[in-house]
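The structure follows.
Think of it as A, B, C, D, E, F, G, H, I and J in the order they're written, each chain with its own count starting at 1.
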Amino acid sequence: MLFQVRMDINIPLNEDINKVNEMKVAEKVYGQSLQRSGKWLHIWRVTGQYANISIFDVADNEELHQILLNLPLYRYMTIEIVPLNQHPSKI
Amino acid sequence: MLFQVRMDINIPLNEDINKVNEMKVAEKVYGQSLQRSGKWLHIWRVTGQYANISIFDVADNEELHQILLNLPLYRYMTIEIVPLNQHPSKI
Amino acid sequence: MLFQVRMDINIPLNEDINKVNEMKVAEKVYGQSLQRSGKWLHIWRVTGQYANISIFDVADNEELHQILLNLPLYRYMTIEIVPLNQHPSKI
Amino acid sequence: MLFQVRMDINIPLNEDINKVNEMKVAEKVYGQSLQRSGKWLHIWRVTGQYANISIFDVADNEELHQILLNLPLYRYMTIEIVPLNQHPSKI
Amino acid sequence: MLFQVRMDINIPLNEDINKVNEMKVAEKVYGQSLQRSGKWLHIWRVTGQYANISIFDVADNEELHQILLNLPLYRYMTIEIVPLNQHPSKI
Amino acid sequence: MLFQVRMDINIPLNEDINKVNEMKVAEKVYGQSLQRSGKWLHIWRVTGQYANISIFDVADNEELHQILLNLPLYRYMTIEIVPLNQHPSKI
Amino acid sequence: MLFQVRMDINIPLNEDINKVNEMKVAEKVYGQSLQRSGKWLHIWRVTGQYANISIFDVADNEELHQILLNLPLYRYMTIEIVPLNQHPSKI
Amino acid sequence: MLFQVRMDINIPLNEDINKVNEMKVAEKVYGQSLQRSGKWLHIWRVTGQYANISIFDVADNEELHQILLNLPLYRYMTIEIVPLNQHPSKI
Amino acid sequence: MLFQVRMDINIPLNEDINKVNEMKVAEKVYGQSLQRSGKWLHIWRVTGQYANISIFDVADNEELHQILLNLPLYRYMTIEIVPLNQHPSKI
Amino acid sequence: MLFQVRMDINIPLNEDINKVNEMKVAEKVYGQSLQRSGKWLHIWRVTGQYANISIFDVADNEELHQILLNLPLYRYMTIEIVPLNQHPSKI
C-alpha cells in the first residue's frame, strides 16, 4: 500500500553537533535498510530545503507509523502523509 | 531533472459530459505516451480525490511547462510544482 | 485498516431539487449497506454543518477510494482523509 | 453528548525525560479510566504523528472541559474540538 | 449549555429580491421566537458585515443543530461554532 | 459601545509558578471589578482551551485599549477584537 | 473614534456596465459628502488593486456600520475593520 | 510617495527591562523627528495590540527601507508594507 | 524605483474565445512597448502556470498603478506587489 | 535554467554578534562570486525586510541546491523557490 510522505527536518541551532552527526549517520543506515527491503520505495531531496519527499510501500498504516517513529531524526521532523493508489492511466 | 507535480482536477458540474469524456480519453493517451517516453516517470492517484501526484524527469523547466500546458484537462487543473534532487541517502 | 474521513457537502443553490432528493436517498441506501458490511464503522453529523465525520475500516487505500468515488453525492463533496492506527492506550 | 477531539502533543526537546515518562504513564492510567467509564468512547493514533483523534461522550461542555484540563500532558497539547450529533443515516 | 455561533450570510447577487425579503422576514420571526424561549441568548451584528455573533443556550448539540438547520437563511450561511463554559472568574 | 474580545493565554512552561499564580489572582480581581462596573459585560471559558470569549461595553476604543493593556496576564495573551452593534432582530 | 477600513471591490465580469457606472458615480458622490463631513478622514488607493484603505472618524460602531452599509458598491465589497487609537508617540 | 506600514512589536518576555525602556525612549524620539520632517505622516495605535498602523510619505522605496531599518525596536518587529496612491475620489 | 509584480491570470472557461484572443494580442503589444520604454524591466513565465513574475522600474507608485490598470487582461488578474531596493551586496 | 528564490533571514536575537558579522561578510563574498559567474543573475532587497528576492540561472536543480546549501547564512533562512521560463512576450 502506497503513501507519499514529506519530512521537513528542523534541528535547533544550538543542538550538539556530534550528537546530530551520529543521528544523521544512523538515519542513513536505517533509511537504506528500508530501501533495500522495498518498503521505502523512493526518496528525493526537496531542492533548497532540508526535506525529502518519499514514497512508502507498506502493509498497512500501522507499519508506516512504526517505520516513521523509528527514524533517528523523527523528533526534529514535521511529517505530512498522503495515501496513494495505483493510477488508472499508469502503463 | 526531477519535479514533483500535483494536479487537482475540478470539472464544473454543468460541463458537457461528452466533451469531458473525450478530453479524459485524450488525457489518458497523452499521459501514457509521456510515460513511455520516460518523461512522466511516476503517477499515483491521491486516495479519495480527483487528483494525482506525479514525478517528471525532463530536460528543463521549459519542457515541463510545455508538457503541462498540453494536458487536455489543463484548463480544469490546479497545479503545484516542487523541484527535486537525487537524495544523498538513496541506494 | 482505519481512516478518518470528513465529508463536507455543498450542493449549488440552483440544483434541481428532485434530482438532489433522489441522490440523497441513494446516498443513504449506499451508506447503510456499507455500515452493515462493517466497512463504514462510524458516522457522525458535524453540528451545524452539512457534513459528517466518519471512520472507515477497509482493506487498503484502493478500497477506500472506490467506496468514496461511488458516493452518490461525491461530486458535491470536499473530502479530507486522515490515516489512523490502533492507539496503544486503548483498553 | 458527542465531541470529536484531536490532541497534538508537542513535548519540548529538552524536557526532563523521567518527568515526561511519569506523565505518560499517568496519561495512560487516566485515559483508560475514562474509557472504562464510557466517557472516552474512542481513541485512535494519527498515523505518523504524536497525536490522537478521539470521541468523547459527556454530559455537557463543562464535563468535557474538566476531563481535558486534567490530562497529565495537557500543557503540551494543542486541542481542537468539533461538536457532533447522531447521524440520520446511521443504522 | 452554551455555544458561540458566528453566522456570515452571503446571498448571491442575482437572487430574487422578493424571495430574499420573504426569507429575511421569516428569519426575524424565527429568531425572535428563539430569543423569547431563552435559547438564543444573545445576538449582535458584526460591524460592517452581513453577519452576527450569537450565544445559544441549548440542551445539547442536537438541539443546536436543529435550531440552525431551520434558519430560513441557513442555505446562504457560513457557520462557526465554539463550545463555551461558565467562566470561573464570572461574578 | 460593544466589542467581542477573544483572549488566548499562553504561559511559557518554565515560567515561575508563584509569579504566575499571583498574576492569576490579580487577573481575577481586576476582571471582576470590571464586571461590576458594567464594562466587562460577559465572559465565557472556551471549552478545552485556556482562553475566554468576552463582550465589553466601553465608551470608545481608547477605553477598551486601556482595559486590555492593564490585564495582569496581558503579556501572555493573543487578543482578537471584533466591533459589534446592536442587532436589528434583537427583541 | 478612529477605524481603519480596507475595502476590496470585486464586480462580476458580466455585470451590466451602465448599472456599474451609475453606482460608481453614486459611490463618489456619497464618499465625498462623508469626507466633507469629516467622518471619512482619509482615503488612499491600494497600488495595483481595485481597493482602498481608509480612516474613519465616527461617533461609534453603529455609525460606522450605517456608513458602510450605505455604500452604493457595498454588495461587491470585502471589508476589513481595525479599531484604532491615538498613538502615544504622535506629536 | 505613500505607503501604509503596519508594525507589530513582540519583545521577548525575558528581555532586560532597562534595555527595553531605553529603546522605547529612543523609538519615540526617532519617530517624532520623522513626524516633524513630514515623512511619518500618520501613526495610530491598533486597539488592544502592541502595534501601530502608519502612513509614510517618502521619496522612494530606498528611503522607506532606511527609515524602518533605523527604528530602535526594528529587531522586534514584524512589518507589513502596502504601497498607496492618491485616491481619485479624494476631495 | 523597483517593484516585483506577480500576475496570475484566470480567464473564465466560458469567455468568448475571439474576445480573449484579441485581448491577448493587445496584452502582448502593450507589454512589449513597456519593455522597450524600460519600465517593464523583466518578465518571466511561472513554470506550469498562466502567470508571470515581473520587475518594474517606475517613477512612483502612481505610475505602477496606471501601468497595471491599463493591462488588457487586468480584469482577469490577481496581482501581488513587493517593493524592492537595490541590494547592498549587488556587484 | 531560471529560478526565482526568496530568502528571508531570521537571526536569533541572542546570537553572538561577532560570529554573525563574520557570516555576513562571508555571505557577501560568496554571493558576489556567484554573481560574477553569472549564476546569481539578480538580487534585490525586499523593502523593510531582512530578505532578498533573487533570480538564479543554473544548470539544473542540483546546482541550485548546492549553491543555496553553501550560503553562510543558510541555517537562518526560510527559502521559497519558483521555477521560471522565458516569457513568450519578452522582447
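One rule holds for everything that comes next: contacts are C-beta pairs under 8 Å (C-beta built on N, C-alpha and C of every residue); 3 or more make two chains touch, one makes a residue touch a chain.
Just so it is clear, the structure is predicted and the values come from calculations on it, not from any experiment.
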item	value
Listed chain pair A-D, G-H or A-C that repeats interface F-H [over half of contact pairs the same by residue number]	A-D
G-H or A-C, whichever has more C-beta pairs in contact	G-H
Separation of mean Cα positions, chain I and chain A [Å, integer]	40
Distance between the centres, which are taken as Cα means, of chain G and chain D, whole angstrom	46
Centre distance in Å when chain D and chain F are each reduced to the mean of their C-alpha atoms	27
Set of chain E residues in contact with two or more other chains	2, 45, 47-48, 61, 64-65, 81, 83-86
Touch list for chain C against partner chain B, complex	5, 12, 15, 61, 64-65, 68-69, 75-76, 79, 81
Interface residues, chain J side, partner chain I - complex	2, 4, 27-28, 31-32, 35-36, 42-48, 52-53, 55, 82-91
Chain B-facing residues of chain J, complex	1-3, 60-62, 64-65, 81, 83-86
Of chain G, residues touching chain I in the complex	13, 45, 47-49
